[in-house]
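The letters A, B, C and D name the chains in turn, as written, and every chain counts its residues from 1.
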Amino acid sequence: MITNAILILLLPLFAFVVQIFIGKRLPRQGDWLPTGAIICSFLLALPIFFDALSNYEAGHVVVQQSWEWLRFGNLEITFGIYVDNLTSIMLIVVTLISSLVHIYSIGYMQGDERYSRYFAYLCLFSFAMLGLVLVDNFFGIYCFWELVGLGSYLLIGFWFEKKSASDASKKAFITNRVGDVGMFAGIMIIFSTLGVFGFTDVFTKIADGGLSGTMLTVTGILIFFGAIGKSAQFPLHVWLPDAMEGPTPVSALIHAATMVAAGVYMVGRTFVIYTEDALLFIAIIGTITAFMAATIAIVQKDIKRVLAYSTISQLGYMMVGLGTGGYTAGLFHLTTHAFFKALLFLGSGSVIHAVHSQDMDDMGGLRKKMPITFWTFLIGTLALSGVPPFSGFWSKDAILASALEFGMNHSAYMWIFVAMLLSAGITAFYMFRLIFMTFTGQAKDQKKFDHAHESPFTMTLPLVVLAVLSVGTIWWGWIEHLLAKPELATYATVAVGAVEHSAEHGNAHLAHTIALFSSIAVAGSGILLAAVVYHWKKISAEAWGSKLKPVYNLLWNKYYFDEMYEATVIRATLWKSRIFAAFDVKIIDGFVNGIATVTSKFASLQGAIDRVGVDGMVNGVARVVGVFSNRLRTIQTGKIQTYILMALFAVLILFVLQQF
Amino acid sequence: MLSNFGSILFFLIFGAVFVCVNILLSRLLQTRNPYPVKLSVYECGELPEGNSWIQFNIRFYVIALIFLIFEVEIVFLFPWAVVFKDLGMFAFVEMLIFVGILLVGLAYVWAKGDLEWDKPEQVPSPELYRTDNVNSAVKITESVAS
Amino acid sequence: MIPASYYLYLSAILFVLGIIGVLVRRNLILILISIELMLNAVNLTFVTFSNYWGVYDGQVFVLFIMVAASAQVGVGLALVKTIFKKKAIVDVDKFNLLGQ
Amino acid sequence: MALSDIIRDNINSLNYFLPELLLTGLVLLMIIADLLLKKERSPWMSIIALIGSGVVLFAIINQYELGSRSIFNNMLAVDEFSIFFKLLFLATTILVIFLSIASVELSGRSVGEYFTLLMILTLGLFLMASATHMITIFIAIELVSIISFALVTYLKTRRRSSEAGLKYAIYGAFSSGLMLYGISILYGLTGTLNIYEIGEVLAGRDTNSLALLISVLLIMAGFGYKIASVPFHFWSPDVYEGAPTPITAFLSIGPKAAGFAVIIRFFNVALSNYDGVAEQWLALSNINWPQIIAVIAAATMTLGNLVAIAQDNVKRLLAYSSIAHAGYALLGVVVLSSQGVYATLFYLVVYYFMNLGAFFVVIIFQDIIGSEKIDDFKGLASRAPIPAIAMGVFLFSLTGLPPTAGFIGKFYLFAALIKAGPEFYWLAIVGLLNSVVALYYYARILKAMFFDKISEGVSPEPLKISPYYVTLLAVLGIPTILVGLYWAPLANLASHSVHFLPTF
């Protein structure tokens, strides 16, 4: 098993290294190498998965082994592999979806001028994600966390000639960094108080009371910040829709199995450190995210953007699941969502590939042209909308039940359940809006319609596989055991809060029943409404849009988040950088050149202020350093006697300094 | 009684006074009749030729450097020689090795030809001669001849 | 008996003179000589202290300093010679091909 | 001690002195061989040097089994500390021999003397690493200095080379003068030249702290000159630029590391008391020398990095960068703990790989394109990808980015500094800021190589890089990465090597 685990990690790394250096010279530009590597990883992950499956009591650990990595004094940092049930299912999800995306990309990226490099990046990304789920300590998770960030940066900005793509990649990277700062701080708190990095060590020490109370809450929230960034939670969700600029298979990978899943996975992995308050925080953030993103998705015209906002929304669901104590529910949804969201993205990629447009106004009636795509896409949509018996229904239902149960126990937070229910209805509505606008009805752009055709085999095969996995029945019976909540009783002190959520089992059964029926009801009404508006056209969307102009505008502009950041954060940074630049130029030059030159410098200072852009701060510092540097280099006159004199002078200064 | 420094001071003063008095005396007693030949540099009766700041043959430097290096090693030999009897065999062997290493160095210099004189003569660059002193010397010679 | 401090004063004066020589002289040969002056000032101090403490390692050190100094000067002069052979200058200020 | 005891000790010491004796023998052999081998460009000299180095290597490793001992009546110490440095020096020498064989720059000259001088220099470094007496410290430093002068000027025909050598010689002689004066004052204060005895006397008696300060400052002039720390660094950019590049590479590692060996030994033994329980030294009460070194370290890092930014010549840039790295390595000396010393040792090894590597890439490009200017490096990545990528690795490591060895090295240094307490937090901050500045100028080289277009009029066709070069690059580059990922063995070696006589 340990060999398997290591190979799973190393194969993609090896493929990446080979591919990035000599990929271009390999036959077929080496696309088979990363694809083969990741498929091998998948095959190697299967035994691990079955091992977990065959003994699925909670807390079962398949593989755990660590090696000394760094020793410093009596501080010892180990690096190791830790595979439990959660990891085993994540391994399957990541490797399987990654394999399918690789296969799909062979068709999709055919003819791109950086074809081989694309596969290298894809492989790097998969490697990072696999490392993230395999590693056994906080330090390692942080390293791979950053590596995932790097991979996403490379892939989102893959077509970096497009300004929007390179901007999007930067945005994703920077936004993620904001969250990472919090996560880093959290890890540092853990390390400084407990002195260990390993998950098991940390959990045991926390259970022994090494870290508790408010401090633990703060730590948990800080670590969750990382997940806010990576899993695109409110308010750092802005990067995800823009990340659609990357190639579509990349979107599928990022949105389904790798990057955004990382945040949820981490919350699941570190579930036991969250106190009641921290979990509540997670639930609230999740609710806001889920509802907000769902509403935005209603008005989007770009097929990929709809899916992007639905991803954000579903991630919110997962967070709510985890935050309300539904550990199993949240991670179950992560798993099912991974498959049907990958399916939807790849399906949309297939559509885009056919019509060469992402705008739904250019589509329509594609059902006949692309039957496989349509049927698989429909299955994905049904799953996402929460229609039984598709997978999304079961997992979403579990989350709703968890939220309702939470609301029953803490009536002040009943609104969480209500908001989630509402979002479920909205989800069904916008997804069927998408179906109706894209696949049924009349073709809106005849030329593009004529051009459209079913995608090649490499692209449809993954769709079919994913569609099969999106049928809910295959998840029955084992997933709740595999993803059983960690034995919180062993972590006595922390668990007090967490256990409370689910302690009153009396409500559980009732909650489940209510959730089951209400979710079917809202999904049905959502679909119905979508059919009325977009299929039978009984209600004009445009008319309602203009009637509710302010709401429409608000949604169309995504709650003005980008503008708000523009106005506050970015503007403030700019402003600050201007002040700094002005300060630097003035003080330093004044100091160096004396008062005589101040007037002339003032003119150039004003010029400098004008020129200062976003990089103002950086440039300012660079300029100051440059000035220093140029001044300092002049002391190296090349004359030996000057050197000696200066050395003597410096000794004198040292001497005088020591006298104080 | 004079201290140690007092006697030194006495000698210093005495020496200074002695020199000064003699110079003063010759000043007072001499007759003055300067002419060019008398002012020219005395070089054993030869006509002075060129500047004294000419470049010596480069061999002088090489030999001087080699001499400097080897000569200075005597500072190790001397203290050894003083206590040689007490130190015995070990120190003797040690010193043999030391001298042996020096000999290897000497052999190296020798074999590399740095002790040879019969190498092609370095031609001193002409501008070194072109100084005022040379001209004045030439003038002096002319005036003597006339 | 002359007190040890007098020797130290003398050696300090010599040392400073050596430093000044290194700093103000323009002729390379004279700079090398000034450095020798510094080293000899050090020698004087060592001998003085050796005498003061009644141990001999200071004097041994002097011997080594003499040898090392001569080696150093040997290499220094050889370098001056190489440069002089190419271009007849001994003025340090002219040696500024390198710098900044 | 009776005279016979002294002589017996000397005789017994010979066994422990085997590596140095072998090296001396090798030098003599090479001098004779140089005379006998008439052909000027004979490869035999380098072969003899390499074989000899191999023999010496075995002798050094054998010293681990002999155990620690003070030899020649406390003149030298054979301990793990010195063995570690000897290994480092020998590794440097061996690689520099390989680099020299490859260097076109040196190909016009007779190489016999060159390799001989290189081996003598190595002998000097060995002595520096083990010297425990002021006389041996002085002799070792002089031996290294004088040979360095000669090697720097080895390209007699190049005026820059001889000019650099002359400056080096004057500066060296001057600073050794200062150092000697400092030693003489210390001798006057303590009446002994043995550093252990100096330590005992200073700890036991209340000495004039002003005189002590002057003497330490002057001694630091000599040591600082060897490691090229501010304010005794002035020679180094000129010398590094003027010297043949393999020698520059050697000077930037060998004498520098040796300088650290001497500094650590001298300051920790003579000017501090060891507290065995805390694995920590305490500086003498009447001189706060950690403070002096801290100031020197901060100034060295800052000046080296700042001035490097303005350089256009890669060799000169690396010269300034190696000044800055001396500043980093000094951080470990400042904290006075065995952890600090260990961090410094570790850093020196790491520095060995990355710095030699960077210089080697410069040698390659210099040989092929005949220039060391950053502007002429433009677009080299497409013409010669392997050296360019290797350069990237070395520069990343020099900057201290993960996952390279440089990162780990810096990590240890800063960790030791932080662990020493809030007294030196400012120094850690200065160090971190400097790392950021360093990124800027290292990135300039990378930018020129990887992102800039090839200059007009330069043919874009790929350059031929011989497999010999590639092998050497791999020898230097792979450890740079490998140590960045798995450094436990090296760290163990370094922590093992902290032990020096006789405090442990």
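Convention: contacts are C-beta pairs under 8 Å (C-beta built on N, C-alpha and C of every residue); 3 or more make two chains touch, one makes a residue touch a chain.
The structure presented is a predicted model; accordingly, all values stated were derived computationally and were not measured.
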Touching chain A and chain B alike: which chains? C, D
Among the remaining chains, which ones contact both chain A and chain C? D
Give me the two chains with the most inter-chain contact pairs. C-D
Chain centre separation in whole Å, for chain D relative to chain C (CA means): 26
How many angstrom lie between the CA centroids of chain A and chain D, rounded to a whole number? 47
Need the CA-centroid distance for the pair chain B / chain C, whole Å please. 19
Gap in Å, rounded to a whole number, between the CA centres of chain D and chain B: 41
Two or more other chains are touched by the chain C residues 22, 60, 71, 73, 92, 95, 97-99
Would you pick out the residues of chain D that each touch at least 2 other chains? 166-167, 170, 174, 237-238
Shared-interface residues of chain B (touching two or more other chains) are none
Those chain pairs that satisfy the touch definition: A-C, A-D, B-C, B-D, C-D
Contacting residues of chain B [partner chain D, same complex]: 86-88, 90-91, 101, 104-105, 107-108, 111-112
Help me check something: in the complex, which residues belonging to chain D touch chain C? 134-135, 138-139, 142, 145-146, 149-150, 153, 156, 159-160, 162-167, 169-170, 172-174, 176-177, 180-181, 183-185, 187-188, 191-193, 237-238, 241-242
Contacting residues of chain D [partner chain B, same complex]: 3, 7, 10-11, 24, 28, 31-32, 34-35
Chain A touches which residues of chain C in the complex? 19, 22-24, 92-93, 95-100
Where on chain B is chain C touching in the complex? 4-5, 55, 58, 61-62, 64-65, 68-69, 72-73, 75-76, 79, 125, 127-128
